[in-house]
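Structure first, then comments.
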């Protein structure tokens, strides 16, 4: 706890981004309580209203309060990012650890698969797979997770390759520890730090991927609000209500910035060589 | 010396084939392990069970997956990427028609990324820790986090709809009307290049910092060479190698990002093609587009590898 | 039929067109070649009229294929096409008298033999998508080169207008015999010849110099640019990159009004947004729940929210301007949530019910879904949506899978109303996906509507069919789409039609 506090004191950027994300999570949880209106309550009389005292950010094409929709969309965005990263981690990290640890032809083959997957333009694959699996947020994010997995596998493998030649791992092996035990007790704890940094950075990519898929109509499905889908609707009405496109875009931008900044801060905080500097 | 390079290139080229086969297999499995029967969609209105079975047989959907895949692969090896289930168009023709528009905006975006990113990256690295460095790296962070389709919307709103400077939609063929083609490509390319510039700046800055803090450069400083000379003569030589690496990453990333940007600008490129095909479950088209994109990415990487070995003699495979 | 001055003027122009072919003065004339650039929403699913499916294909099919019968733009009453006239010597025989000298684009004659070939193909071709339209045909024979005798299995006075649709689009038999067919290389007898088609990008057509209507078309080349998002399509017309965009969404009317260089063209259509209901299983095998659904929808509010109030709310398939519209049904299902709740309570689901519905994923479709989710939610009717493309959701709902309880989509309309009613409400009708007949009187009422010839008599028979459908709430119609088109300053003489599928033969460019 004190370590965390002292880190935060030293790293303003990290503190701000962590604070922002914590506040965002809080807002997502509290959205039903603090949002001024229901995110789906429509009002034919107030379609595309400009910002006012009653509607701070105006209303959308169906007369719904934009601020309330923005708040209620946080949940879907965070869920989407976390889901994509979790899927990527669940597939990629174990494969990376095992491949790096086992080595030999197995590692060679896995590396080849990883390289292949890395040469896929990510969102293209996600779009193709979402179309096939059926349109919806969860399917879309699973597809994005699949796209993330080779990055994580490669990182985990590289870390394992370094650590498995460390003296303490050799020692454990000499004492007859099983491979699983070595992976679990020695390799994972030591290799996980760069992976955590990468996971944080991928959260930002997941957020942007969710927004892109929702913009294309392949992600979050109505009436659930989503920043990407709000932008798609705003684009339809751009000639009539151009101001509609700013709030959801800024929300995506700031959240992605916060994930990235937190990742960078973690990289510095967790990297022993950097810390010494 | 030349023989070695040719051998290297050939060896790399030979490695491309298993990677391609693997890539197509992955896509094929992802698309076909999914429930649903395209034959029903194809049969259309008033379709009877026999009619559907007929269509299933006609397209070979009743064959085992392995047979379907090998059949596809055998045809693909001869340049036949099958036909669209919806419009019967040859997938290869579709791809050849849609790729130029995509390549134009991606190419232009890469040029922009380098033209803006390289000077900024050098500026940041040579002023490390100073206000210029802070400003440039902050901009780069912004570029990474910026949703490019949102930037595209803003550009359409400002430059096309309000100021009427550039076209809001569509594309023109570079071979038919170069001026119009470039005018159409500018806004999409700018929207794409935000992320590209950020990537170039970050990679170049960190590569340069590494060189600047290396023993070799420190020795040069110790020898009393003027800092400007050191930068131009010794450091920038390393920029080429870094740039090559970045180009590969950039190309791959922009090719992906173009999907959403094309939707904003209604550009008839590979992105529009795959989005429409994916929604309509037109599997041969999805498969073909992914295949073509992977092929292009892999060939680009191959080319970069070969160039890399020429620039940096230490690299050998 | 056509004003004479047009003929003379066009004869002169045609003469200069011929000069292009002979190479007399190519440069100047080519420079004057006129191109109408159309923003088209959908990539066709093939340009073979007898095997394609999508209602959006017609816009690209009409220019290429002349039809046996045409219709009046405003009322959809039948008009001569390739067939100059037609008659029913007895209820089971229809005789078509063809114009002489009509040629396909490949130079082969569009004569009685070609018509017989095409009609038989519509009936027999395994992939035919128009079997429903020609199911009444027993056999076809030719009488000389300009008469076709169609023998019918049962009286069908809707057949002439059916021949203004896909089944009446004549294809060159020679082109059909080529190994690639006409799906991507269409050859018809329409005003324009096919030049090229790039999927999801562009279709290019060029003037048919030997088109059978002298003086038409008035434009040399027709180019469709495929832009799926209508807003983007409209933007392309504002920017002058295209000349015309058709069937834009109502909210875009504001944009058209504001743009100084655009002309707004509006009109009614037969295109009705509706829920198709599966009547074979719960909840919609229950009359009370079908009625509750109809009462729970505030069509006027739906019109305001999604159509800017420009659409026409409805309880039937026929708009006010149609000859068979029945005004007595206009108020059949007013917005009455209390009545909806009462009906649900009588059906034993007082707290509401849930149903699975298929819908489309595009932005405007999602907007309509959102409004309906909100409206129905107020009386406790909950919708669980599965979203898929038009083709995909149709296949899931109407195909053997029979997925979902309802489909929120649209009926694009048919030139003759009896096709619409029999395809939706006959037991074997393709769009009656449950394939049950809940109304014992329906088969007889539909047959009567198909055998009457006189217009007043037909109006009476349709009154009966419509009332049966409304009383039994066999579907849930919402509103008729308004036709909203916009064109740039160069376009002259563009008229929409009640079918909502634009034709461009008459259009001129300034």
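The chains carry the letters A, B and C, assigned in the order they are written, with residues numbered from 1 in each.
Please note the rule applied: contacts are C-beta pairs under 8 Å (C-beta built on N, C-alpha and C of every residue); 3 or more make two chains touch, one makes a residue touch a chain.
Small disclaimer: the values here were computed from a predicted structure and weren't measured.
Asks: Looking at CA centres, what chain is most distant from subunit C?
Replies: A
Asks: Using the touch rule from the top, work out which pair, A-C or B-C, shares more C-beta pairs.
Replies: Between B-C and A-C, contacts are more numerous in B-C.
Asks: Where the centres are mean C-alpha positions, what is the separation of subunit A from subunit B, in Å?
Replies: From the centre of subunit A to the centre of subunit B is 22 Å.
Asks: What's the distance between the Cα centroids of subunit A and subunit C, rounded to whole Å?
Replies: Taking the average C-alpha coordinate of subunit A and of subunit C, the gap between them is 45 Å.
Asks: Between subunit B and subunit C, what is the gap in Å from one C-alpha centre to the other?
Replies: Distance between chain centres, rounded to whole Å: 40 Å.
Asks: If you look at subunit B, which of its residues touch at least two other chains?
Replies: Each of 36, 156, 161, 263, 279-281 in subunit B touches at least two other chains.
Asks: Please list all residues of subunit C that touch 2 or more other chains.
Replies: Those would be 229, 235, 361, 388.
Asks: For subunit A, which residues are shared contacts with two or more other chains?
Replies: Expected reply: 134-135, 217-218, 235, 238-239.
Asks: Which subunit A residues qualify as touching subunit B in the complex?
Replies: 112-113, 115-117, 119-125, 127-135, 146, 204, 208, 211-212, 215-218, 231, 234-235, 238-239, 242, 245, 249, 252-253, 256-257, 259-261
Asks: Within their complex, state which residues of subunit A touch subunit C.
Replies: 40-42, 44, 47, 61-63, 134-136, 217-218, 221-223, 229, 232-233, 235-240
Asks: Any idea which subunit B residues touch subunit A in the complex?
Replies: Touching subunit A from subunit B are residues 18-19, 22-23, 26-27, 30-31, 34, 36, 141-142, 144-147, 149-150, 153-154, 156-157, 161, 252-253, 255-257, 259-260, 263-264, 270-271, 274-275, 277-281, 283, 286, 289-290, 293-294, 297-298, 301.
Asks: Under the definition above, what is the set of subunit C residues touching subunit A in their complex?
Replies: 229, 231, 235, 249, 251, 254-255, 258, 301, 304-305, 361-364, 366-367, 369-371, 373-374, 385-388
Asks: Going by the contact rule set out above, which residues of subunit C touch subunit B in the complex?
Replies: 43-46, 51, 53, 126-127, 129, 131-132, 183-184, 197-202, 225-229, 232-233, 235-236, 238-239, 241, 361, 388-389, 391-392, 394-396, 398-401, 430
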